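Below: the structure, in structure tokens.
Note that the chains are named A, B, C and D in the order they appear, and that numbering of residues resets to 1 at the start of each chain.
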Amino acid sequence: MIKVAIVGGSGYTGFELLRLLALHPDAKVTEVTSRQYKGKAVTEVFPSLTGFYDGLKFSDPEGFKSIEADIAFSALPHGASQAAVPALLESSRVIDLSADFRIHDLSVYEAWYGEHISPALLNEAVYGLPELRRKEIKGARLVANPGCYPTSAILALAPLLKEKLSDASSIIVDSKSGVSGAGRQAAIETSFVEVSPGFKAYKIGSHRHTPEIEQELGAIAGAGVSITFTPHLLPVSRGILSTVYANLSKGVSMKEVHSLYKAFYEKEPFVRVMDEGRFPDISQVRTSNYCDLGVFVDEKKRKAIIVSAIDNLVKGASGQAIQNMNIMAGLPETTGLIAPPVSI
Amino acid sequence: MIKVAIVGGSGYTGFELLRLLALHPDAKVTEVTSRQYKGKAVTEVFPSLTGFYDGLKFSDPEGFKSIEADIAFSALPHGASQAAVPALLESSRVIDLSADFRIHDLSVYEAWYGEHISPALLNEAVYGLPELRRKEIKGARLVANPGCYPTSAILALAPLLKEKLSDASSIIVDSKSGVSGAGRQAAIETSFVEVSPGFKAYKIGSHRHTPEIEQELGAIAGAGVSITFTPHLLPVSRGILSTVYANLSKGVSMKEVHSLYKAFYEKEPFVRVMDEGRFPDISQVRTSNYCDLGVFVDEKKRKAIIVSAIDNLVKGASGQAIQNMNIMAGLPETTGLIAPPVSI
Amino acid sequence: MIKVAIVGGSGYTGFELLRLLALHPDAKVTEVTSRQYKGKAVTEVFPSLTGFYDGLKFSDPEGFKSIEADIAFSALPHGASQAAVPALLESSRVIDLSADFRIHDLSVYEAWYGEHISPALLNEAVYGLPELRRKEIKGARLVANPGCYPTSAILALAPLLKEKLSDASSIIVDSKSGVSGAGRQAAIETSFVEVSPGFKAYKIGSHRHTPEIEQELGAIAGAGVSITFTPHLLPVSRGILSTVYANLSKGVSMKEVHSLYKAFYEKEPFVRVMDEGRFPDISQVRTSNYCDLGVFVDEKKRKAIIVSAIDNLVKGASGQAIQNMNIMAGLPETTGLIAPPVSI
Amino acid sequence: MIKVAIVGGSGYTGFELLRLLALHPDAKVTEVTSRQYKGKAVTEVFPSLTGFYDGLKFSDPEGFKSIEADIAFSALPHGASQAAVPALLESSRVIDLSADFRIHDLSVYEAWYGEHISPALLNEAVYGLPELRRKEIKGARLVANPGCYPTSAILALAPLLKEKLSDASSIIVDSKSGVSGAGRQAAIETSFVEVSPGFKAYKIGSHRHTPEIEQELGAIAGAGVSITFTPHLLPVSRGILSTVYANLSKGVSMKEVHSLYKAFYEKEPFVRVMDEGRFPDISQVRTSNYCDLGVFVDEKKRKAIIVSAIDNLVKGASGQAIQNMNIMAGLPETTGLIAPPVSI
């Protein structure tokens, strides 16, 4: 039985870790911290969990240095994780859900995020996208769990870039995310009244997930990749749909590209490449660890349009983190993660 | 042209006053205050109003003592209005959208709200429900604009109580309100993620609109009225639906009660009594100043079920406030308020 | 391994049976029928199930006479089940999710629904609410799975009526249901555009779940019960919240009534009585088989207000049906049904 | 007073015409037809309009040959309008909200839509986008009211193409539309339960609005334009947001492009170019005839990203149709159309 600690467990990724781990046969949450709710019962903050974590209380995060767990998930905000992770690593292997350890190049990190207080770990951290880095994850001491947008973009583009079928400088990633991506926070911008009739683009040309996507696509392509990334805010709780436009470097047919995707992800338990002519809907992956992919090729224009759908809180965060934990612990990768999406 | 000031104008009732007054032919907003946004352009905070209030900035509410307006709307929170209204009255007639001046009996006020710092005005203030107090409103210096729930409950019950057809001690008001009723605030409880899949009752047996409903129904009945009031939070932005249960004091038919309602509201421009067998939907009054009423009688059980629907921000707040302004100014009551509801 | 057939499996209750049974360790769906989709792959109609039912096709319901299953769920519409169930009973034990076998008294059935073509089975059918009829369910050949509204109302009222604490003729059940309760159908009334800004009462005084609630409450009370039942349509997909008003037959305190509920449901795995002062939200039971209950007593008025929340598709339909299957098969009642609600 | 007839008036564009014309000072709806609802009161089908069209009934569309109106709006579905318009033209000037007369080139029409039964009118019809064709609209006998997606795309791109700043063969239009764009229809695909948790792309590479956008952009550019157009379905009732990507044909700064847009639309009453760094939200144009535009330039990549927002039922359909009517009738173009958007 894996002893699990969750540091910063009262946000949405913390809630999802609790929700999913409640059914994990080989892991048990022994500690969960929260500055805001320290001392409160987990089920008081999250009544839906009544019956699953009775007796467990949020503990003071000041104490996380003394955490004794096999795996510590850090669900702290960006910036706060940098300070916490070195201490956590003294007793546990760590899966960090923040952006703090995803960028390997310190200068890139600093350009987008500012100063880093634990730069020595940037190189050691393994980018935890199992479909691409399963082997390194297995032995990692520190896994940087991918961002939600990057997961959707990288899985959509990996086959094309691996096969050098896409121009690397003109890719457009037009992404749309549900509101839970903004975190569990009190803000007028994410209130029901403001969000429910709305839809907008935000941080055009400046979203911090851009260098993360470029880093990982570059590694696949073996060359520099530069993307145009436009995130949007959807009036739903969960889900990211990315519509990705790539200029093909040679004439290939829809059928060929579709076959490439089918083959590339054939053995992946959580990537479902849809039949030709069918495209994903975020509702069809809701609450699950699946990434659904749809493939279209405009043969005349030599342009591929790949559409990917994930649940931002599951494959885009906590589900993927548990998938990483399973790999690190030598468990079957799907342990505790196989359940039909709740599409309605 | 009526010169209008709005004090505390950056909340949802302030926004609705601005939205509705933009089209009022005989009124002009000359000042709007906001502590939070002072100095900012109105259209920066509310981009939808671009083209309607260009040039107008939120002013410092500290200055409201010097406001020179014909009508000042106070859209301050409960408690804050008490302090502001006496000063406003020095230069303007005042329509207060808070609860501060709705209760006439100081001891009742104190039991539900605590201390009152301007108790002398409690008696002078006119409860601004035009359908019942049109004449007093006309000459009033201070109008206490009704609460949203009370508007829906009182209009649903007035005909029955006026005719002494309902038992006065067993009335149940089961109300459901959209989220904008909670105000424009940053709070996890009203965030999109928390609210959109939910529905709940809250403040059972203890909501502060209870004494307001009882006061006004008692005045109609000419006797004490005691209600059971249960508010619920609906995952919509706008709208209140109240399902009201009253035990009839004698055997009357559905047809008779329906005719009573038709007659009672025959000349009211903003109350639409639906045909027998039809019942209101909050979508059908959305954005408008209408109150739709549906009437049902269980003749065997001698029980009436009255269903009322309003837009909580319009007939339940800002629209009704403008209706009161029209009355006070001697204008046709419907000026600037006649527009079809935006039902979809 | 229990062999399961689902007759009429392409609606929402069919989908939920498939979703929940995908994870049941001791049951396997071997056949699912659909007139509309016969011959189509289950995963084509429900793409979210891709990976769970690959290879299974909807079969022609004309063939259900030859179904060989241990348990047949009939998810046919009301009326259609009457014709199908006798044939299904020839080879299987049957759990019927329609209303066709819930009413024991033929004359009551006829008054509310019209003619019944298999009246002989009305007496044999066991009303499948496990909390009240566990023993009879265990040996039943035909279980009539309760309606969604009745489940929420009966669980809310059972303790009060069992203890004869409530007046039996003045109970009011004010219920609010999500849209999936209307079934998976093409209709303007349930379209996104019409429903999303709306909320309304419907079938006031005439909803067919009324006699079902009265029958079961009467059985608990040992005397006739007559209720006032008002259903409403909520703009959410899943969930029923019932706000139930009961006049207490003697003076009892909030504390006493709360203790009674705690004791009554102490051993029930799927009923969660909330702490005093806390009340349920449909989001907190979403996708789960739980019924959450909140208790309030107005001691002065001698009135109890009980609030219950369920997921109409789970505890209100398919989850409860699987709970019944577990009981009939001698399995632990919670098999395959324990998972945290997806509250966001 | 303009006498107005609406043919096919029971869909959402019909409803919006009725809603908006209710407040038009110089127009009066004298006839509205509906095959489905003929003989029924308009206010029975649309209860929100109670008080505005009392007495008006849907008439049999078979009779539209005898319509005597100054302006006839055809809100019939695509295909049906072709048959109706020639007859309507015998007595009225016609504004057609369908796609039937938007394409001037018969061969292009046939390639995307199939046969046309009134091809002679294709050339005469004026494409009714006032910002581009105000003069031709004024004298037109038949106006083809633009599609919703095309309105959002063309207004976003017109300044760039007019100035020959954009490459004409690589434009990407990634559009997201609310559900009302699918019309008022009974369909599982647009039901609340299916739509509310979802978001998806549809008709990738094959949506019929593509040639309409290309025709109009080509006319502006004075050269052939070929676009990649991807529509998506948003879980909101109203609104289209288009995120448009254009490769700039020379190095221009954000400031220059922003100034160009400001100047281009300076005198347009319904186009609001936002300040630099601000981008539109569909909620901020909701229920109004405005098109909000946001401008971004990635100077390094020489790529412009233009974001446009409209209400698909107003500027994308009925509001624009009334704007066209005003122009045709010689009225101020904004008559009856100036009202703040209902952003919450």
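Following the convention adopted for this analysis, contacts are C-beta pairs under 8 Å (C-beta built on N, C-alpha and C of every residue); 3 or more make two chains touch, one makes a residue touch a chain.
These numbers come from a predicted model, not from an experiment.
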Contact-richer chain pair [C-D vs A-D]: A-D
Distance-maximising chain from chain C - centres being C-alpha averages: D
Interchain centroid distance [CA atoms averaged], chain A/chain D, Å: 38
Rounded Å distance, chain A centre to chain C centre (Cα mean): 37
Rounded Å distance between chain C and chain D, as computed from the means of their C-alpha atoms: 45
Residue list for chain C, restricted to those that touch at least two other chains: 12, 180, 193-194, 196-197, 235-238, 281, 283-284, 286, 343-344
Contact footprint of chain A on chain C as seen in their complex: 12, 15, 18-19, 22-23, 46-52, 180, 237-238, 272, 274, 278, 281, 283-288, 290, 292, 313, 338-344
Contacting residues of chain A [partner chain D, same complex]: 169, 172, 174, 176, 193-194, 196-202, 204-205, 226, 228, 230, 232, 234-239, 241, 243, 245, 279-284, 286, 294, 296, 298, 301, 303, 305, 307, 309, 343-344
In the complex with chain A, residue positions of chain B that touch it: 12, 179-180, 184-188, 190-197, 235-237
